[in-house]
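Please find one structure pasted underneath; my questions will follow.
In order of appearance the chains are A, B, C and D, and numbering begins at 1 in each one.
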Amino acid sequence: MDQVPAAVRTDLALEAREMLTKQVREDIPGVLVETSEDEDVLITRVNITTPEAERMMGKAKGSYITLEAPGLRYKNTPLQEKIMNFLAVELAGMVNLPRNATVLVVGLGNWNVTPDALGPRATHKIVVTRHLQEMLSPELKGGVRAVCAISPGVLGITGMETAEIIQGIVNNIKPSLVIAIDALAAASSQRVITTIQLANTGIHPGSGVGNKRFGLTQASLGVPVVAIGVPTVVHASTIAMDTINTLQEHAAFGRYFKSMANLSDQDRQTIVRQVLPDILGDLMVTPKEVDRLIEDIAAVVAGGINQAMHPNIDYENIHMYLH
Amino acid sequence: MDQVPAAVRTDLALEAREMLTKQVREDIPGVLVETSEDEDVLITRVNITTPEAERMMGKAKGSYITLEAPGLRYKNTPLQEKIMNFLAVELAGMVNLPRNATVLVVGLGNWNVTPDALGPRATHKIVVTRHLQEMLSPELKGGVRAVCAISPGVLGITGMETAEIIQGIVNNIKPSLVIAIDALAAASSQRVITTIQLANTGIHPGSGVGNKRFGLTQASLGVPVVAIGVPTVVHASTIAMDTINTLQEHAAFGRYFKSMANLSDQDRQTIVRQVLPDILGDLMVTPKEVDRLIEDIAAVVAGGINQAMHPNIDYENIHMYLH
Amino acid sequence: MDQVPAAVRTDLALEAREMLTKQVREDIPGVLVETSEDEDVLITRVNITTPEAERMMGKAKGSYITLEAPGLRYKNTPLQEKIMNFLAVELAGMVNLPRNATVLVVGLGNWNVTPDALGPRATHKIVVTRHLQEMLSPELKGGVRAVCAISPGVLGITGMETAEIIQGIVNNIKPSLVIAIDALAAASSQRVITTIQLANTGIHPGSGVGNKRFGLTQASLGVPVVAIGVPTVVHASTIAMDTINTLQEHAAFGRYFKSMANLSDQDRQTIVRQVLPDILGDLMVTPKEVDRLIEDIAAVVAGGINQAMHPNIDYENIHMYLH
Amino acid sequence: MDQVPAAVRTDLALEAREMLTKQVREDIPGVLVETSEDEDVLITRVNITTPEAERMMGKAKGSYITLEAPGLRYKNTPLQEKIMNFLAVELAGMVNLPRNATVLVVGLGNWNVTPDALGPRATHKIVVTRHLQEMLSPELKGGVRAVCAISPGVLGITGMETAEIIQGIVNNIKPSLVIAIDALAAASSQRVITTIQLANTGIHPGSGVGNKRFGLTQASLGVPVVAIGVPTVVHASTIAMDTINTLQEHAAFGRYFKSMANLSDQDRQTIVRQVLPDILGDLMVTPKEVDRLIEDIAAVVAGGINQAMHPNIDYENIHMYLH
């Protein structure tokens, strides 16, 4: 039965659809796609609308919006600000948040593992305001939402599932919305650091760089959960798999093969295991400059959230509004 | 009415009693004190037993145990291990914990402010085991308690009171005991980094380096709370106050004074404000090497807790016991 | 013979002069002083012009410029930029640097000790360009000086005197100017983080937070050395000494004393040693938020140097000028 | 002409030889190889003895010793100590160092890029003693060599070639030996973090993770230079190339191919470029836990150097020997 091949791991709905479409060579029923673009950025909206589409895609039903901007690889302040604004608009559009809503931002991932540290680093740049509500001047009361934020740390550090911690806090704080930020894995190295995905589906077990085994979803937390993710790695096995596919697909190499078309899945696995023995654990492909790149993209993600939460405020100078 | 003078700030029950005793020149009713010592360490047990004693001391009713070991200032592995063992014994004696108890360790304080980072740094060194319970071999099941740990971050970072976060987690995880680790302020610079205080009273509003305005107590959390603290700073105003006291107390300087004995509290404050204008915010006195010293003492505190929780286990090699 | 009292330690020529003037109650021969100010900043120029003035002040002959801006304590971007510009102007005026000069910036101090880390942190923010000279477009060749930078680490980390390392590099690189950045100690807590001192005298043995025992001077290196320093601490003994002085100086407290005026230097030392026993090593008074404050002031210092070195360049976008 | 294929990048002489041998299917003239092993570690000694061998191998003439211990991937203190001892023995054997020699340890690489930070992190753990020589008790004078250490930072941080900085310091300090520690790239992911290479050839332009363009050799510095390196990454292109090779080499896959044997080098490059577009810059394959693994292996490297330098000293307690 058609589904995204297990060997290639991607957290992007966009890529799951690309792979599936290539495989079945037609549109996937129940998956709606829309794109728009300008010279800097391509926006893709993927909607998974049926249980059958959910199964084929290996992704939960819901709406996935992807901003792709290859230029984010380079230090480029105007582009970063543009993407930040686009992210703010898409986030504001995805949720319908009253002016006086309380929002909890959760930074997932392990701060000790650089490619998994996007969540904690972006969360650190969130402008938290929930504790300042009484100090706001009257004219601001309506313009600054009550935002709070936490990076709880991963299971190996806390001994608690992230979902256990967040559930407890949600029960106590009663936010209207949870925004979860996480590092993702992509299938294509070009999308690393250059792509931001928003999803109104929350976080599902097994996704993310660290393979967290819990869910942060409306079902588990009782409030809507928006997930914002950026791919920071490609699994090394994906590179090996890609190489095989490239050999296979390019007519130019046809003269070498009898019948690569029917290279079995098992043989593919054998090759990948040969190149990348299991003993090594997860091997990740990252840009050499991943520390700096994650710092930069964390600022874009946090900036987009800050702006969506406090649209009329110059948040750099938010302290000036306090009395 | 007699009480510890407001101008001198100390989080140590030991020091509160010292100051009060000096002032009233007699024992304080309702405050029981016991000491024991060897060549390396002085252990003082202060019990505050009555509401009147509570008011005079400015400290909650309960039991406070202080380990003082001046040698902790110097890199000295055998002494560190000895104090770690003493701490484990005192902690085990203070709580009566069943073998299968779940314990939540909470690291208070701000990881971005070195002298306030003791809690987060010690918590990072706690051996967490709660998530490994099913992986333990049968012979170990009884010897490894279910420990989990979190450093939630301070109000200015999360927008949530620490107590709100911890309450939520406690409700969800249902531990038998909370251990809260925090950096303290001492009145005497000799006690900085060399003293560990355990208290079965939990954390009360306003204590700690960061002046957190919340409580982590049995009353607020519904489970017993043991606080473990180490003074990492002296408030600069205490140095000024101490200087005045020293001038006053030493007969040798008597020839300079007419009647320092009745130097008014208001005049003292005037002098301190002159030397340390309010505009500067909290000025802290710390050893120059505070970064290294906090790293070392955090290891002692975490080691003592680890050992009290898993008394029969060589926790360095705990991974060997997993299957 | 009159000189700055040994017990009070300051690295600021400004404060040395203040103390000395108070003591001798007249102007000091050979020390010229000029001030100018606006609502935000007070600029003081102290020139030590004779060997006798040098001895009395305990500071080398030469020119010391101090920018004092109490507002630097608070996050305030416009003020930070203003001070950065003032620093750039004063630095450019102090040295007469040809367009094609090579400049070596040296960050002194220990990056593991927060209040001593100003030098390394500011140096990290210097725009280095020496290695890019061949890549500059022709129209830029004249506008970008060849700047290089290093933070060598302190004696305890390298086993080498900083002067040995820098001499070696200077002999090889042959810069026209060395700029040495260092954390200083002030006598007054109000000057901590709010004051920047430039001196054309270089760094002399024994100054700085870490009490480095070497010199970086034109005499030792063979090229002019400008020192840029910011006080990040007050020695705790200074607080104690200040308290005694305040008691003594304020007529309001006169009723308590017979004759504090002739409190001997030895008695002062006895009191300070009582309050701050030697065993503790160097106790420093710092603002609680010293980590953040040093990060901010390091950006001001580095920004001022960057601008003085590359006056016509928008250095944020310097990469755009490369081909 | 036979040489190690350019597309596969390795800094290990061991791997260069493996690849070349596979290609030419015979021993390489002028390359001598010896191995010895036990259950934990395989030691390989490769000697490149002729200019022709140098050209074929793409590695300088000299002696390369490799310690391979797959168990280093796992936290395992006894194995780490064993490898540390082996490294000390090999290092001591490679150089013939008088008791009173001065040794300069240089940590190459960029501390801001985790997989390139091995040099700085190991250097930080070196016991420096050069500044303590006068404080040593007489019985120790002979047992503690004068060791100094520096991590100068990379060209993009300092604006100076590392060789320029080190030359200057060497001229001033006049050590008998320079030991340069650097992160390497391997061809095989199994060797990442598990292999240590010593070479008496120094560091040659273009090697290392950061592709430094300078040399640290006896020719450039005037003193012997030993390089100690650990592979921390595999270039992503190597994974792609390996996948092609695996397909080609395994008879099991023969049925798919007509004639993969003569897949041209150009076609290989085309495939790799397809999978890993140049635009992405250097993509590195690292274990997810690279931060922790580098910390651990840095301790092994530094420990081996410390022990080789001060063979009779319990260097953990070196401070006890000072007077």
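Observations on the model:
The rule is simple: a contact is a pair of C-beta atoms (placed from the backbone, for glycine too) under 8 Å apart; a residue touches a chain by one contact, two chains touch by 3 or more.
Just so it is clear, the model here is predicted, and its values are computed rather than measured.
Think of it this way: of A-D, B-C or A-B, only one pair shares over half of the C-D contact pairs by residue number, and it is A-B.
Annotation: the subunit A:subunit B pair of sequence copies touches via predominantly the same residues, more than half of the used numbers being shared. Annotation: 46 Å between the Cα-based centres of subunit A and subunit C. With each centre defined as the average position of its C-alpha atoms, the distance from subunit A to subunit B rounds to 41 Å.
One finds 36 Å separating the Cα centroids of subunit A and subunit D. Among all residues of subunit A, none touch two or more other chains.
Residues 70, 73, 112-116, 189-190, 192, 209-210, 233, 236, 239-240, 242-244, 246-247, 250, 252-253, 255-260, 263, 267, 270-272, 274-277, 279-292 of subunit A are the ones touching subunit D in the complex. The touching residues of subunit D, counted against subunit C in their complex, run 124, 128-132, 146-153, 155-161, 164-165, 167-173.
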